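You will see two complexes here that share chain A, one where it goes with chain B and one where it goes with chain C.
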Partner chain A sequence: MFAEKALELIRELKRCVDGTMSPYNEDAVRQVLDEMKALFEHNQRDVSAAVAGESELYSSVHLRHAGLERNKRCLLAYLYNRLENIKKMRWEFGSVLPADIKYNLCEQEVQWFNKYNKMLANYMRSIGDAGGLDLTQDMKPPKTLYVEVRCLVDHGEFETQDGNILVLKKNSQHFLLRSECEHLIRQGILEHCVH
Partner chain B sequence: MSSDTDEMGGDTEEEVMTAAEVLEKLEEAWLNEKFSPDLLETKTDLVECMLEQITAMEENIQRAKKGDFKISIHRMEIDRIRYVLSSYLRIRLKKIEDFTAYILHQESQRKEEDSPLLSPEEYKFAKEYQTSVEGHFNSLALRHMPANSQTLDHKLTVIQPNLDNYIFLRVNEDTQGILIEEETLDTGEEIVDLEKGDQHIMRYRPLAPHVASSAVSLI
Partner chain C sequence: MAKQTDNYFNIDGILATQEKIPCKVELPIYRLGYLDSSSDSDDLLPGTKLELPYWMARGLCSRRRHIVSIEMPKQYREGYREILTADATVVDLHQLGPYFYSFGTDLLNFDHPEVNDIAKCLIKTMQTRIRTIMDSSQNSFKLDTSSITSKLDEMEKHLFNAGQHGLTEFQKWETRETEKLVTSEMVKKHRKRKRIMMETS
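Here is the complex of A and B:
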């Protein structure tokens, strides 16, 4: 059946759990493209035959064309949804991708990530006159100024806004300005203690 | 320090507004943007004015005595304002990314005298974003496709916001005669008068111009 492989790609997207990235399925993409090529060539032959007088070929030409369109649509949907996922990663992890995620991207996707990174950084820097605004901060409405956090990994020294230096050791607890440690919480270095 | 938040005014739209009023406007714009399916006009003035306020407030905190308990209250206020600002711009950016082609098309259709949909920075971002996504499609898939399917037809692929979404709204000004439903074969046309203070759930499309003129706000 036509477009079977392309549907497989879409299923793969659906199966992918939130916050993870499935590997770029280069084989399937190539197979879809090959199928498209075969369909196209077959169609070309039939079209010339049909023009020459065999008008019963028209319906199969139509069917193959529908298959071509479907393949194209599925393939683009696959790429687009992966881009959406990559964007989400940018907002979650910041400008450097974790190695395990980067491993699952193809080369062009990594390039696109870098481009997106640059675009976003340029945009954020251009907000207002004075140096811009980091939109990846303040993701949740602030409830309190300070939060109690527990360190999940050894992170080393951390300098607060007022110049004090803290050592973030595993399992130590601190009372920090929310705006300062939000990034670290999202990266999984600190954990917000809720009592 | 309290004087900054109350008296230092930013002048948007020629009239002088106090910072508190600017904040109120910004919050309204934020809520409207959050609940409307479509991208609304840009409020660059408000954003810039509020950013200046934040910087000014931060400078004042630097000058203030250490241990003054007012500091933490002001810090909290700054955090809240910054959240509203970032959230507002984030929502806009998300819409721009989702509906890039549609929004750029709208922007190009806009008449000279209408206020712009995108700020210059947002416009630049939208353009770059569109080029990069199309470039990506091209290099990975379209380029390898048979000759007749290599182009991307904007009419077919464009993602549009659903303007028929239902929204909650509160009426700020009396507005008469809003055409909710065109006349069809089965039913007559439906016209609604809105009274100040009313709250409704309605389709977004007929109300879009009234949201823009802030006769109604979304809640």
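Here is the complex of A and C:
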């Protein structure tokens, strides 16, 4: 049956849960492209024969064409949904992707991610007042300037805006500027303590 | 009428259009005999019966082309429609095809005498089932819902999850948890997976 391989790619996407990235299936993509090429060549041969008078060949042309269209839809959907996932990850993980996720991207996807990063950074610099506006911050309306946080992991040294250096050690508690530590909370390094 | 699964890139849409339809070949299809695994002939001859996925049948059977003729899949035929009319709430729609509604509405594109009845039946089924789905999604807070969702079709599952999401968000708001900054869900899941991988390796 046509487009079996392409459907496998889609099933792979369906299985993939949030926060993970399945390895780019280069092999299957190439196989789908090969199948499409074969279908196209068969079709071209049959079309020229049909134009020459064997008009009963049209039904197989239609069938193969449906197969081509289907393969195209599956392939494009595979790439598009992966890109959407990468885009979402930029907002969740920040500008640097975890190594194991990056490892599962293909070269073009890494390029795309870098370009997206650059565009987003440029845009955020261009809006707001002179300093730009970080859109990834204040995902929830801020209530206080400072927040109390507890370290969940050993993170090492951290330099605050006023020049102080503090060591983020596991289970130590700090009182920090909300804007400075929000990212670290999102990354799961700090925990917000509310009383 | 446009639905979400009609989106070209929608994964569920692609999976729903993969559902099989029983077809009968009307015009000879040359050199593609290998599509029918039960015969050795080089061509698909008129009268051959085989099951084709929706997307293929759609390309071969329309008002302009009539290369194959289609029959409605059994879960949309009279017998099953009667069951659904009797009491739709107890039917396991997941078993009748995980994309019961989506595939059903796709079938309406064909020129088939039963199309009108199927359309009515789909709406009726939805109307009777939606109440229970809404009830259960709003009243099972922090419970195991797998026994409820296992009988739902994919679209109903989305509805159910939306209801659950709303419920948890509301509970959070009531207990003043919305102020708290939390780790992103995606990061959390990623961590968990990493831990599993580290433990197994």
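The criterion applied here is as follows: the second predicted complex is superposed on the first by the 182 of 195 C-alpha atoms of A that agree within 3 Å, B and C clash if a C-alpha of one lies under 4 Å from a C-alpha of the other, contacts with A are read in each partner's own complex, and residues count from 1 in each chain.
FYI, a contact is a pair of C-beta atoms (placed from the backbone, for glycine too) under 8 Å apart; a residue touches a chain by one contact, two chains touch by 3 or more.
None of the values given here were measured: they were computed from a predicted structure.
Trainee: Using the superposition on chain A described above, determine whether A:E69 touches chain B (first), chain C (second), both, or neither.
Mentor: Both partners, chain B and chain C.
Trainee: May I ask you to decide whether A:Y116 touches chain B, chain C, both, or neither, giving the answer as first, second, both or neither?
Mentor: It touches chain B, and chain C stays clear.
Trainee: Check whether A:I101 is in contact with chain B, with chain C, with both or with neither, and answer first, second, both or neither.
Mentor: second
Trainee: Considering only touches as defined above, state whether A:I185 meets chain B (first), chain C (second), both or neither.
Mentor: Touch partner of A:I185: chain C, not chain B.
Trainee: Return first, second, both or neither, reflecting whether A:I165 touches chain B, chain C, both chains, or no partner chain.
Mentor: The answer is neither, since A:I165 touches no partner chain.
Trainee: Check the residue A:V17 against both partner chains and state whether it touches chain B (first), chain C (second), both, or neither.
Mentor: After superposing on A, A:V17 lies in contact with chain C but is clear of chain B.
Trainee: Return first, second, both or neither, reflecting whether A:K37 touches chain B, chain C, both chains, or no partner chain.
Mentor: A:K37 contacts chain B only, not chain C.
Trainee: Please identify the positions on chain A that touch both chain B and chain C, taking each partner from its own complex.
Mentor: The overlap between the chain B and chain C interfaces on chain A comprises residues 69, 76, 80, 140.
Trainee: What part of chain A is in contact with chain B in the complex they form?
Mentor: Listed in rising order, the residues are 29, 33, 36-37, 39-41, 68-69, 72, 75-76, 79-80, 83, 87, 106, 108-109, 112, 115-116, 119-120, 122-123, 126-130, 133-135, 137-142, 144-145, 178-179.
Trainee: Any idea which chain A residues touch chain C in the complex?
Mentor: Contacts found on chain A: 1-3, 7, 10-11, 13-14, 17-20, 42, 46, 56-57, 59-60, 62-67, 69-70, 73-74, 76-77, 80-81, 88-89, 92-93, 98, 100-101, 140, 143, 147, 182, 185-188, 191-192, 194.
Trainee: Touching residues of chain C toward chain A in the complex: what are they?
Mentor: 8-11, 14-15, 18, 27-32, 35, 53, 55-56, 58-60, 65, 67, 178-191, 193-194
Trainee: Of all residues in chain B, which touch chain A in the complex?
Mentor: 47-48, 51-52, 55, 72, 75-76, 79-80, 82-83, 85-87, 89-90, 93, 97, 121-122, 124-125, 128-129, 132-133, 136-137, 139-141, 144-149, 152, 157
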